[in-house]
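The same chain A turns up in both complexes below, where it pairs with chain B and then with chain C.
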Partner chain A sequence: MKARTLITGVGMATPHGIGVADSWAATRAGKNAIGRITRFDPSPYPSRLAGEIRDFDPRDHLPDRLVRQTDRSSQLALTAAAHAFEDAGVRPADVPEYGGGVVTAAGFGGIEFGQNELRNLWSRGSRYVSVYQSFAWFHAATSGQISVRHELRGHAGVLVGDQAGGLDALAQARRRIRRGSRLIVSGGVDASLCSWGWAAHLATGQISAGEHPERSYLPFDRAADGHVPGEGGALLILEDERAAIERGADNVYCEIAGYASTFDPRPGDGREPGLRRAIELALADAALGPWEIDLVFADAAATARMDREEAEALIAVFGAFAVPVTAPKTAIGRLCGGGAPVDVVMAALAIREGLIPPTVHVEPSPEYDIDLVTTHPRPASVRTALVIARGHGGFNSAMVVRAVD
Partner chain B sequence: MSQQEFTLQDLKRILLDGAGADESVDLDGDILDTDFEQLGYESLALLETGGRIEREYGVELHDEIFTDNPTPRALVAAVNAQLGRMASA
Partner chain C sequence: MNRRAVITGVGVLAPGGTGVQNFWDLLTEGRTATRRITLFDAGSFRSRVAAEIDFDPAGHGLTPQEIQRMDRAAQFAVVGAREAIADSGLATVAFDPHRTGVSIGSGAGAVRRLDSEYRVVSDDGRLDLVDHAYASRHLYRQCVPSSFAVEVAWATGAEGPATVVSTGCTSGLDAVAHAADLIRDGTADVMITGATDAPISPITLASFDAIKATSTRNDEPRAASRPFDADRDGFVLGEGAAVFVLEELTGARDRGARIYAEIAGHATRSNGFHMTGLRPDGRELAEAITAALDEAHTSPEDVDYVSAHGSGTRQNDRHETAALKRGLGAHARRTPISSIKSMVGHSLGSVGSLEIAASVLAMRHHVVPPTANLHTPDPECDLDYVPITAREHRTDTVLTVASGFGGLQSAMVLSRPDGSAA
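This part shows the complex of A and B:
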């Protein structure tokens, strides 16, 4: 039997706050964190809302030397990773030299750092480009910086898979643990709220042009018309069960019990989208039947086609109105590589607290036969949860987490 | 044309702007004869520092400047020597 992969520590940096306590309290309460963009002037653009992390000064959390050489996404990730280690109570001596690693997801890499240095290059000349541009914009920069800071000399990697990448990273971490790593820091953070990043978002054609913060990101609602991007994400400490027991880990949240990913067929060729199969394969990987899943965190893309596909896949697997579905991301926006790791942390907290966080702002459309938990948190005994994440261009990933006795 | 002078204060300002300071190091202490490496500056930080000195003072520093001058005292002298050569050229 394969050893279990446990979540033994979590850290978050989201528009709801830096730190798990703030983020969870605001998520439970359904507090809105979407607003007009302040990080750059959004007025020339057709979409102007985002979930921004306000009041984050990296110098409050990180050494000065590190701040100079890192993009905002890496700064947020380094902060969340440090919180996750603290939450897990891991001491450096608990991890043998090559026994610890890091796998993160990054959709945008260090795009704001890169934008600033490209601006220096073209407006002032090559002598004004920071030497740290040599790596700070890399998608892998965050994994590299976490590995250096926490002396994780084992496996390191990064996955790029848009909104689905966060689950793929956690799955890769589990794979490494099954191959012998004791501990992997995993998850993802994106911070793309600069004009270059915004241009990339707009190019997908899936960004809401709404002006009202509470009526612009509306998955499974008749008014659904694209999503609102946000920034941030989560880092989790994943440990081999035996290693966790050996070091006396005392903050186990749950286990990563199942995972699968699929790719959609070419659009328009009439074949079924890949999401249903991703869910079924993840359940099979967890050796759980659909009736054993207590809660679903939806991808909640908020376009008519994507919402319909997701609702149809859920109904095909679980039946109509058969399982509670939620998407707390409606309060903070879609965080790209950081989105699914935040949902996995929310799932872990839902299991621990017996509470389903709500999908705020949404008036469910009667055309979807799903039990969407809206407006208020719902008390429930949650032993298992399914997290769904879909990336632009046809990536589908699904992960099952399960309570550990 | 009078020669510009490059001082320890200028070096500290440029180090801080470009690379920041290591938490365990007090740049206001007696650092003149401490190696940059011991002050927490690795090769990239020194490359950034050299680039900033070059563009602020309009001076060309050779590639081995930090290898040949591994302490603040030696670097300040080397930069001033280069500034002197430019002023008399």
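This part shows the complex of A and C:
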């Protein structure tokens, strides 16, 4: 019997706010956080909406020297990580010297910092490039900074799997805990809302051109025309069950009970996408039957093809209208590497609060036979939840969380 | 049932010539592939030397569309993956795509394409708001380098778990360690794994110039990378990829595969100290070495060769020497240690996989590569770094280590599974 991996603390930085209380209150109320971009002038671009984190001054949360040497994505992640440690009530003395680690997902890395330094290089010359560029831009910056700040000397990891990467990071953390780590802070944060990152989003052709914040990111809706990107993410404290009991952890949310990831066949191959297999393998890993899953957090890509694939996979595994499905990300946008960790926190809170947060703004299309929870939160006894995340190119990851008695 | 992960195929693109044979010839002849940068005009930079690959993507079978879509680093990974598959003989047997995964390391991602794309969309930095109309339709896959795993999966037909591991300069070990974990815990039976980087680009040069990390021996490029030498003055940037086919031992034996080595143990530790600074006592790297040896059920005395990080910065070489003494005890003075970065440069994330490739070749041939350019050892670096010439040496167990920004320290133990041909 493998020891369980518990979620014992959570920290968030999302367009709904910094900190779990704000994010959950806004989510359960179905509040919208998508709006016209303010971080740069969006008027020259065909899409102008995003889920931004407003009113975040990194100096309120981090020492100046750290702010100077970090990209916004790392600043948000460091803030969320500190909240997660506080939420878990972990003191440094609770963790043996090499027993604590960090595994994060990154998508864009430090892209805004990178844009500034690319501008310095090409408009002014190489001497004007920051001394921090070499370690603010790369994808390992956030894991490195968290390990330095919290003196975590155990395992360190960084995975890039686009939107699916956040679940892959949590799974690597669980794997390392099973192999001897006691505590790992894990999750992901992305922040790509600079004009350079925006050009990359636009290049996918999958960004909604909607003008109305409440009618733009519309998965499983006839009007679906792509997603709205957002910024932020979540960091979670994962602990070995015995280690958590030993230190007297008193804020256990749930356990990570199952996980799997697959990759789609090559485009044009004609075979079924890998998503159903990822869900089935994650359920098998959790030793749960489909009838034992109380709630699904959908990937909700909001393109006709991806929505159909996801609905078909859910129906194949669970049956038509057999399980409540939700995608609270319609209120904040898709957060790339930060998206799935936020959904895992939402799942943990749904279990704790007995409430399914809604998929706001969406009028479900009758062509999808899924029970999408829209508009209002739905009270429900949630003991288990499945989180789905898919990434550009064919990544499919699925994770099951389960209540702990 | 104890599942074990073994290397059954190797593909290499390294400076000095592509392919495994050219790579091994360069290393065993002790030649250096560092030279004046030719990929672009580097005249305005402080450091103007690097180890480059003369790479012709079309000559390696990449189609015009693949060449347009992929950054140079992704191209390296795909070519390396194809060579590794061919070397493993896997293409001739029916492998299950669902049980085959991808784990590719990269420290710098698609930095060359990002640099060149940025110049276009910003009109050389004139535009604060970049003009998306000038952007490549592939820009997202350059910004988010999970696309490297996508390309390798498409090239090999893998449909199991796929990811990119981006832990900076330890990526080349960490990606293979991640793959080994997936095989051991039963998630996959075959993993296409390794690492790639093609960082030789103006923004990379500028960022290392800014912290004076790279060598300025611009007039003597072939002698610029000098790990452990008293006259070293920083690392020399490189590029390349090494990709492996990793299989579960029983399956590999059942199909009669050639087994190069087992990934017997690995560990990563953070120094929890500084993003670029290292504590001189090398404690965290030593702890990673000890943990990797423990996982491999191997004692320090069993280590026949150490493939060093050996970047050629004063700070690293002293830190690493201290860590080896702490992690291997008295055996640190008895075992040969060398840094192939003296010959192929420091290709950031990918070099760890090139060092795994060098290690398995050392095991195959019982020859350890030298540390080139090591004429006058730094008095604080007083171990046997195999200066100048390769050495015949019985090699059954190798320790390979990596150290990177973020304070990350990784160690891996490669061994010969019992009964496999020496």
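Some notes on this structure:
By our rule, the second predicted complex is superposed on the first by the 405 of 405 C-alpha atoms of A that agree within 3 Å, B and C clash if a C-alpha of one lies under 4 Å from a C-alpha of the other, contacts with A are read in each partner's own complex, and residues count from 1 in each chain.
Definition applied: a residue touches a chain if its C-beta (ideal position, glycine included) is under 8 Å from a C-beta of that chain, and two chains touch if they have at least 3 such contacts.
What you see is a predicted model, and the numbers here were worked out from it, not measured in a lab.
After alignment on the shared chain A, the placement of chain B and chain C results in a side-by-side fit free of clashes.
Within the superposed three-chain model, A:276 lies out of touch with both chain B and chain C [touch as defined at top].
Of the two partner chains placed by superposition, only chain B is touched by A:68; chain C is not.
In the superposition on chain A, A:39 makes contact with neither chain B nor chain C. In the superposed model, A:134 makes contact with both chain B and chain C.
For the superposed model, the angle subtended at the Cα centre of chain A by chain B and chain C works out to 60 degrees in steps of 10.
Touching more residues of chain A than its counterpart among chain B and chain C is C. Look at A:329: by the touch rule set out above, it reaches neither chain B nor chain C.
Shared-chain residue A:266: touches chain C; no touch with chain B. By the document's definition of touching, neither partner reaches A:383: not chain B, not chain C.
Once both structures are fitted on chain A, no C-alpha atom of chain B lies closer than 6 Å to one of chain C.
The interface of chain A with chain B overlaps its interface with chain C at residues 69, 127, 130-131, 134.
Residues of chain A that touch chain C in their complex: 40-41, 44-45, 69, 98, 101-102, 106-109, 111, 114-115, 117-127, 129-131, 133-135, 137-141, 143-145, 147-148, 150-162, 165, 168, 172, 175, 178-179, 192, 195-205, 260-266, 274, 277, 336, 391-395.
Contact residues of chain A toward chain B in the complex are 63-69, 127-128, 130-132, 134. Those residues of chain B lying in contact with chain A across their complex are 18-23, 40, 44-45, 47-48, 51, 54-55.
Interface residues of chain C facing chain A in the complex, by the touch rule stated above, are 44-46, 97-98, 101-102, 107-109, 114-115, 118-119, 121-122, 124-126, 128-132, 135-147, 149-150, 153-154, 157-168, 171, 174, 178, 181, 185, 187, 202-203, 205-211, 213, 267-276, 284, 287, 291, 404-408.
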